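Next up: the structures, one after another.
Both complexes shown next keep chain A, but they swap its partner, so chain B is in the first and chain C is in the second.
On to the complex of A and B.
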């Protein structure tokens, strides 16, 4: 199993290399370099521009900058932000908790709603409730996150005043108060991010449960006297594999969607950092974030492979057979 | 086409038509008028492509919003107004944030512009970008996917790597970067930017499917009949892939519309005052506490079009799996 994983991990190195080259190329194709953006088209003196250019090493060719960036990366150095001189890694790490928290909550919300929904639909397929539920989910799937954000903000923050409009929680006097404030601030962004995932996961869940419900092991379990609830536990265990795959397709989408959600709700996460860095032409931060998201996507694929091996003994033995065939 | 997908396709086509004819449906200039003794059609001059045929310099000088002039000979006379007699850019500050009423069916925005006119004009942009970007993505994806299989070897490896690289970028960021590089504010940079960032799924699918057909009955018989590589792909394999590609494409159009309106929402879209459903929503943020209609109607338009596209794709996919099973 280990050699397989090492091989898989090594095969993503050329991809990462390509991503860094493409990012550098696109950034250098963008009109206006950082200094032009900051100076708003020429309000800096010539000496100041000259000084900044040499300090940020913008007078070097893109190829030379890529080479020195690559050499620094081999030492584990992602460079410094052009805006405030902080190390790129520190800038990203300070934004990461928000995005991770938001995405984690969304995944919980997606699965927490969609799996019971799918189980219900599968246990009474074709019923009015099943069909209505599916239509509702398609409708929710079609609500773009920013439209949902505005509608929810208008209703729950402006009209009813139950939840804050946007922003980050204040540090409360007690830990409980801080947590409550955090939950109140994250509720709407989490819902907006979860909307598109519900339909996807619920459909998968429904299909998977339907095929599992017709299988013999369920009849056996029920015949042995297991309650409906205990039996559905077996159903869930037997359908775990497609859900894992689904997780790998959902998470990159969530990460992309959190750009817009973080922007609307003024959460200082990675998505917002991405947007402001592109705007300010903060090259090192953009490259760092792109590599980070690529590493996340690729390790998501890798993680799915590993989980397959862990969850499904059939795949594990299949892989081993394949290897012994090759050997 | 599946019968159950017809209403959804009808909704999308009707929206596209409404967007295309938006200058005739919502305009503060008349469809037909008489200026200085001859007939003129100022609203038609704003139509895309055919508009210049109706361009009339004398009509451009007339202030159609002014009170109708007394009936003297030669004074401009309105013969036929559009059903929504407001333009998407006609600012009337004394009419700001009027709720939906008989004269403004969707109400007005914070600058007093008629929302129905803006939503109608926004339809053309959203659907143009949606279909244009998807057509571009299909073209790139199909060509690269087919090329990878037909040429094979090093080129195949290279294309697969490029697909992996591009697929790793968040589409939102990639589209934004391409658009900025191509020149911000126009429609075509937007179409190109979104198209260039969304072709990877199609390329992967086409490559996989053509690989599946390689050496199969269709492949061998077409080759035996003397078909070259291009003919084999375009005449013999493309028809086999058309139905599943249509499913991918309708989801693609929906995704492209979401991307377009999202970019417009964040202010990276087409320059104002040209409306997009996303930019109308962005402007509605400012009056979130005062009015629900600037948020509700553009959102509803988006949801109706997007859910129709998804429903059409779903029933097409269901129909297709029925066909392959039987």
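On to the complex of A and C.
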């Protein structure tokens, strides 16, 4: 399995390289010279422009700039933010945990709600509860996340005052207190981000479970006296592969959605950083963030592959066969 | 964020005190409740995050605000925009306006305990004029300086190359601690993210993307501020800001005209919040590119016709819900009181049509468009894509012009994109906005003087010898009466030539928690004024 993973990881290198070239090219093709952007309504003196140009290496050709940028990257140096002078890596690292946490919680919430929902729907198809549930999910799916965010804020933070409206918590006196406060702050944004995923995964789960429930092995297992619960366990195991594939498709969508959610809930995450950096034409940060999201998506796919191997023995043996074929 | 030019630098000796502020349900009077106690926390949201807190290189509004709270400038402006002493106890002008001598207060210390001396002032000045630092917001006002001398620890003598009337304005710049910065690289110093000044508030923390926290400087030479903690959370959206106010998380929120209409008459809202509206210095304008690169706007007659064609009053009434004022002069009323003799160009489509005809742009019955020498009157207006008001006004304008046989297209750009096009002059007409500094020189020199084409803010590429001469006369006129007269002449000629059509000053609409007392709006804002912010008080909750 390890050699497979190494091969798999190495195959992402050309992709990453391609993405970095593309990002670099796009930024260099943008019509505005960053210096014009930063010079604001006042003006930059000739000296200041020259200073900035050499700082940005703008007097070199794009190819030369890409080469020196790539070399610095190999040393782990992403450059400095043009907006505030901090190292790009530090800027990104301070924002990344919020986005990862938000997305992680959303995935848990999506699957935690949608899978039982789908299982319930599949086990009593056509019942009133099943129909109502499906209608509700479609409705939630149709609500744009910014509208949902405003409604949730209005109810839970303003009218009822149960949850904080926006922002992230202060570090509390105890770890427990901090965690509790963090959970309260993240609840609304997590729900907003999860909304669109729920309907998708639940409908998917319902269909997958329905077909699995109709399969023969289940009837045999039940006939052998397996409890309903243990039988469900087999159903879930048999339907796990498509769920994992689904995960690979939702995660990039979530990352995109978190730009809006972070903006509305004033979370200092990567999505908001992306937005402000593009507005400020802060090239080093934009390139760093693009590269980061590429790495994240690629490692997401890698993770999905690993999960396949873990949950499905058939795939595992298939891979081993492939290797023996190759050998 | 609204586009705005960097505050140029300059100053008013005119001390125009006509404050066009009005409050519809005014914050309670300072004397009404007497919280003798100090303390409390004032939470004032920022829409965007500052790029740096270095007083000299700071170029955005939030950074400017923090600089004025943590730092102290030699002079500042009060609620009515009059120049008042701050670090400088007094000053005098000699050699018929060429020399300005400041006397610094005794016993002023930085937050780290070091005393402030004239050397710090000199150091700060030198950082501004060092072009490598791109201290854009402050540089203009120091360009006429010949040299700066510090005869002793408490005296700063500034010698100008010529009698320079707006000189004081440039000294609204907070003073940096030389002893700390000297040992570091100026542009990457750690003090750029954790500033130390002599101001009424000490810097406590800056959590990126989240908030900036300041605490009162109990040893402040001007007296301890009433408020103990000033918290500046970064809340990027207007909707969330309003809800955060309703949820009691913050004490201040700016409102849109729609939000204002919905809330300012709601008793449940006004019981908790004071609603405040005032004319800020910000105004919208359209720049007509007049350098000959298009066949339309080099002709002043056409520009005048455009001004007559635009229904600015109707826009303020219908779209801004009356919450604004048409700018029939290029000067904000608090900067230069309106001229009773001026004859502004009001909406008059018939007169506009006559002017277009006279200028040779005649209606072509086949196309329904005006044309001249076979060229149809079709141009593109650049606007900022981030502001709903920009889009609304340009659509209203598009309709009015269409009725006169002019086809105006609208191109929406993000702020950096719009700015770049303005700077390079690559446009026919552009709608933008700016915040002028307190001295009338700032807006005329920056936008109208021919030396500011290309390098400066004269985006229209406008060049008029007479106006150039008057602007220079205004800069050198030490007598306030003569200066006023000079600027009125400029305003009158600008109204005739219309290099820019000044559109309107939108009112700033805001709601303020009733816990907060002692603030009056100034055209520059609620807390950017001096010594207003020191007097701000938080009503203490009984038992809390």
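Quick notes on this one:
Operating definition for what follows: the second predicted complex is superposed on the first by the 300 of 327 C-alpha atoms of A that agree within 3 Å, B and C clash if a C-alpha of one lies under 4 Å from a C-alpha of the other, contacts with A are read in each partner's own complex, and residues count from 1 in each chain.
Rule of thumb we're sticking to: a contact is a pair of C-beta atoms (placed from the backbone, for glycine too) under 8 Å apart; a residue touches a chain by one contact, two chains touch by 3 or more.
Model, not experiment: these values are computed from the prediction.
Superposition of the two structures on chain A leads chain B and chain C into a clash. When the two complexes are superposed, the chain touching more residues of chain A, out of chain B and chain C, is C.
Judged by the touch definition given at the top, the superposed model places A:154 against both chain B and chain C. After overlaying the two complexes on the shared chain, residue contacts for A:139 are found with chain B alone; chain C is out of touch.
Contact with neither chain B nor chain C is seen for A:89 once the two complexes are overlaid on the shared chain. When the two complexes are overlaid on their common chain A, residue A:304 makes contact with neither chain B nor chain C.
When the two complexes are overlaid on their common chain A, residue A:236 makes contact with neither chain B nor chain C. In the superposed pair of complexes, A:26 makes contact with chain B only, with no contact to chain C. By the document's definition of touching, of the two partners only chain B reaches A:274; chain C does not. In the superposed pair of complexes, A:263 makes contact with chain B and with chain C alike.
On chain A, the patch touched by chain B and the patch touched by chain C overlap at residues 31, 150, 153-154, 158, 263.
Taken in their complex, chain A has these residues touching chain C: 31-33, 36-48, 51-52, 83-86, 91, 94-95, 150, 153-154, 157-158, 161, 164-168, 263-269, 272-273, 276, 279-281.
Residues 4-6, 8, 48-49, 51-52, 59, 131-134, 136-137, 139-140, 187-188, 192-193, 207-211, 233-237, 239-240, 243-244, 246-247, 249, 414-417, 419-420, 423-424, 434, 455-457 of chain C are the ones that touch chain A when the two sit in their complex.
On the side of chain A, the complex with chain B involves touching residues 14-15, 18-19, 22, 26-27, 29-31, 138-139, 141-147, 150-151, 153-154, 158, 252, 255-257, 259-260, 263, 274-275, 278, 290, 293-294, 297-298. Residue ranges of chain B in contact with chain A, taken from their complex: 161-162, 164-174, 176-178, 180-181, 183, 254, 258, 261-262, 265-266, 278, 281, 284-285, 288-289, 292, 295-296, 298-299, 302-303, 306-307, 309-311, 314.
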